[in-house]
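The following pair of complexes shares a single chain, subunit A, combined with subunit B in the former and subunit C in the latter.
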Partner chain A sequence: MSAEPSDGASQDVRAVVLEVLQTFNKTGVTLGDGTRFTEDLNFDSLLVMEFIAALEDRLDISVPLNVLPDVETVGQLVVATEQIVREEHG
Partner chain B sequence: MADLFDRFESLRARRDGLVGDGGHDPFQVEMDEVLSQTEAMIGGRRTILAGTNNYLGLTFAPESLKAAHDALDAAGTGTTGSRVANGTYSGHKALEQALSSFLGKEHAIVFSTGYLANLSVLSTLVGPDDYILMDADCHASIYDGVRMGDAQIIRFKHNDAADLDKRLARLAKKPGNKLIVIEGIYSMLGDKAPLDEIVAVKKKYDDVYLLSDEAHSLGVLGRYGRGLPEEAGLEDDVDFIVGTFSKSVGTVGGFCVSNHPQFDLLRLACRPYIFTASLPPSVVASAKASLELVEKGGALRKRLMRNAERLHSGLTALGFTLGGDVSPVVAVVAPDVEIGVAFWRGLMDGGIYVNLALPPATPQNFTLLRCSLCAAHTTEQVDRIIEVFAEVADSLGILPKQSKKKTALG
Partner chain C sequence: MSSPTPTNNTNLPKRLADFPTLPEALDYAAQGETGFNFYSSRGELKHALSFADLSAEARSVAKNLCGGGVVPGDRVALLAETAPAFLIAFFACQYAGAIPVPMPTPVAFGRRDAYIGQIRNQITSSGAAMVITPTEFMPFVNEATDGLNLLMVGSLDDLKILPQADGNKAGGPDDLCYLQYSSGSTRFPKGVAVSHRNLMVNCAAMNAAVNVSPDDRGVSWLPFYHDMGLVGFMLGCLTSQTTVDYLPTEDFARRPLTWLRILSENKGTMSYGPSFGYELCSRRFGSASATAPDLDLSSWRVAGIGGEMIKPLVMEGFADVFRPYGFADTAFNASYGLAECVLGVSFSTPGRGMLLDHISKQELGDNHRAVPVDNDSSGTGRTFVVCGRVIPGHTVEIRDDDGQSLAEREIGRVFFSGESVMQGYYGDQEATDACLQDGWLDTGDLGYFLDDELVIVGRSKDMMIVNGRNYWPQDIEWTVERMDSMRSGDAAAFTLEKDDGNEQPTILVQCRPSDVDVRSALTAEVRARVQDQVGLACDVILVPPRTLPKTSSGKLARGKAKASFLSGEIQPLAAGV
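Coming up: the complex of A and B.
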């Protein structure tokens, strides 16, 4: 899965994802598209829920649990989030 | 060459780290002999059972035993078939009618376990264009059920009606039905859902249904034991009630009731209903007999709550951190997993069985010593539980000295 940060909207989503994620970044790793939630950020199910809730509030979107099994990295989450933002806010 | 079981390596390492030294294994408890609703022989020791979900103590109710014996002799040890094939006997239909009339809903379906009831209903009732809004602390059977289905799954913060409201508002412009899923009493901490607030939120939006899993509250809450909806006076606002026979009802099996006129169609759609054997006649008969005792069980509920209050206040006075308000589930929060396991073993050595619940299966990743009470516990048994908790805490040195002195049990 590859992100395409060409248009303005996706740049914004990426920036928001990284900004919200930074507040949950307890391992202090540098965040990038390749950062893995479990291995690099030590996210457990509780932290995933809190982070996703914060992201939903920030972007005013619903992120169904269904998308999470396919998301291992920050880049994949950005792509999934961009798609939801497009669907919900046109 | 890789071994098939290599994928469980982290599980094995964690288990060995927790229980590898040969002491009591919290996940391999064996009851050598069950002496009563509240006592068993475990490892040669007479042990008080304080972690059973046998809230009303009906597992040895004479009426239920007799009904089970009679059905066993009359109809045999098992049905050997599915509800939709050769596995529906008159007893199954009679149990469904009894549930329907007890819970005041037009339709009832009996499943082979509570787990299968949730798997059945949650995987089937809602489709790919629908949304499930589930409380984050819902039981594993609810998580498994929604994952087995096609609906979009949204979690809301535990017992937070405002958070549910926010999420429903976001979905309001989307087509599709929305099904809110909550529990009457949450199993780990024993806390109740704020049903009035959730119903108020539900009513603000269109096409929203409410399902409540009353596994731990059936028989426990409400004057007649119909669970949280009865206690809250909101039975008409709950569209689907799921429950189990394996807690207050004292046997095994699950059910769902509803007033929806097409509810019976689920019998043709739910795979965990169709592709498993139905309950044996003896289980069905004892469930029906015990349901009558649940309805008439006002005195049992009073005793249960008296025991719950006694344990809750006794442990609070000792300085323990408890997970929730007074309820038949009294969850003691241990500082960490290692102390939790040591504490649990100390309780076993002192003749007390409780449930050890570990992260990630627990809310907020707590390590819990989860006690559940029974109407059949005597005051002396409850006091003994408190006493052993105090002794173990003392030996592990985990309570402030002051609170121990202040509340020393004599």
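Coming up: the complex of A and C.
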């Protein structure tokens, strides 16, 4: 299974990530792959966890803490989430 | 799956931290059935670790430490996840006479380099001989230890493969028990060095202050790399053989109500948190428009509050939401403490609830006196939470700037003395001398006495506490001063107290360009850099060059900068936004 953008499953994950994220978008920036969590969305550590919880509930996954330091943008989160979905749901 | 460890021991009499050393406290607790339980974010029991199992495992791993070359007095850095492996490694160090150094786990998006820098600074500052980490964090730790000459960097399982050897001896009462880094800044870390005697004296005093009984059971989501989690709900409870149910901090942040569900289910009696932990629960409960018919908080005897300035409105909001579920307002227990005194300095009488003192804002600001006023909506008063009596066997003095002891309701610096005072900052005599003289610790906090009870009006003049996390202005200023257009002394960071009790991190930046577009770009860049490297959203305020005051030795006079800004002496530049 590849993580090409044309891949149907990854389209779904991307859509869910963006949809959930929109409810946490307090700065009103337009969300895209390049959107940065700290600089553009002003996420602090509490908001990060609240957002992760919402994402976990929507996708029925568990996001391990060790992915966080390598995730700076929405696009990176989509890739990481796709991988978790593949691992947990095959 | 096994069941959690019980609240009561069947035969073992309760002893309240009257042990010479921590290993002896564990040996005693191991004779009973109580212990530590670990829960998932959905409130399922993942591991039950009785004190007996903890002791046996730790004794075995202590031999691996010895076989791996660790000698008594060596520091061993441990990534402090909320899991059995951390506790086993921590107590293995105790049995081997080594000094454990709990380190933080990553909690935010991005900031990989900042996190790695932080733990590398703690590893080098403590001179750790070995680093033990959960496997999933190994890539970060490998990077953080690159080029360091260590005996081993690996997981608890890696450690268990090392050959076992006897020969190491546990420390005595005056040997160091652990180092704690939560009070230092990330760039300039300071490791609080605590001896077995320091720890045991403070644990005994805390157990007595909250009347710990055989029926008590702790519940905690506090991280083990913070003093309230490490001492309050790990070491303190172990020294009184008290069972604790743990929820990892990151799981609490995701699902705060799980905290209350575990307490309800297991009939927990003691649990602590900073104001924001309580706020998270009432907020999430409200937004979920949830009802929880099974939630029963009536067993909760001590709902401790500490760790940052206590916000009375937040606490009242929590009580309003959870009173229908058996929560008693009288359970609130306001306390005050800091890692440099192991943990606890003062506690309220259990069962009283929060006691508030309303004082005049004007007298507070102008004359440093706490003059009572009516609690009305006129805006002339500020409300503070009374933090209880100083623990037995210890003394607090409120002193003015000249070191003179002050009377009741006079506001000054809080000084503390007694056997709980730390040995010093590890390997940093200069920092130790700056706060510890003749057995008196200068806490840096401001407060006053009210009928034998301590009231804190402002935490350390330097440390910034936002949502329960500590930030240091030096880290923020350093981040800004490294920008190309900046020089040393160009930035001053502090928090501004808002009327709602929240503190807004603020940074004054000296700005040379007069072009409005350049200024607004600079404001945005400073904000983004601080956000990225320190993880804090600051208000950025540009000020003219050479307006930030300096001390006689040329250092930034941060307190004066804040005062001058508040008084209008320092005027912001037009931001051009």
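The rule is simple: the second predicted complex is superposed on the first by the 87 of 90 C-alpha atoms of A that agree within 3 Å, B and C clash if a C-alpha of one lies under 4 Å from a C-alpha of the other, contacts with A are read in each partner's own complex, and residues count from 1 in each chain.
Heads up, the rule we're going with is that contacts are C-beta pairs under 8 Å (C-beta built on N, C-alpha and C of every residue); 3 or more make two chains touch, one makes a residue touch a chain.
Just so you know, these numbers come straight off a predicted model, no measurement behind them.
Let's test your reading of the overlay: on subunit A, do subunit B and subunit C clash or fit side by side?
Here subunit B and subunit C cannot both sit on subunit A without a clash.
Under the stated touch criterion, name the partner, subunit B or subunit C, that contacts more residues in subunit A.
The partner with more contacted residues on subunit A is C.
Have a look at where A:71 lands relative to subunit B and subunit C in the superposition and call it first, second, both or neither.
Only subunit C is touched by A:71; subunit B is not.
Tell me the contact category for A:59 with respect to subunit B and subunit C: first, second, both or neither.
After superposing on A, A:59 lies clear of both subunit B and subunit C.
Pick one for A:48: touches subunit B only (first), subunit C only (second), both, or neither.
In the superposition, A:48 touches subunit C alone.
Just checking: does A:17 make contact with subunit B only, subunit C only, both, or neither of them? Give me first, second, both or neither.
The answer is neither, since A:17 touches no partner chain.
Just checking: does A:36 make contact with subunit B only, subunit C only, both, or neither of them? Give me first, second, both or neither.
A:36 contacts subunit C only, not subunit B.
In the superposed view, which residues of subunit A touch subunit B and also subunit C?
Common to the two interfaces on subunit A: residues 44-46, 49, 53, 56, 62, 64-66.
Within the complex, which stretch of subunit A touches subunit C?
Interface residues on the subunit A side: 36-39, 42-46, 48-50, 52-53, 56, 62, 64-66, 68-72, 77.
Would you mind writing out the residues of subunit C in touch with subunit A in their complex?
The contact residues of subunit C facing subunit A are 41, 105-112, 115, 136-137, 139-140, 250, 253-255, 276, 280, 466-467, 469, 528, 531-532, 535-537.
How about subunit A: which of its residues touch subunit B in the complex?
Result: residues 44-46, 49, 53, 56-57, 60-62, 64-66, 88 of subunit A touch subunit B.
So in the complex, which bits of subunit B are touching subunit A?
Against subunit A, the touching part of subunit B is residues 131, 136, 146, 152-155, 157, 163, 166-167, 170-171, 359-360, 364-365.
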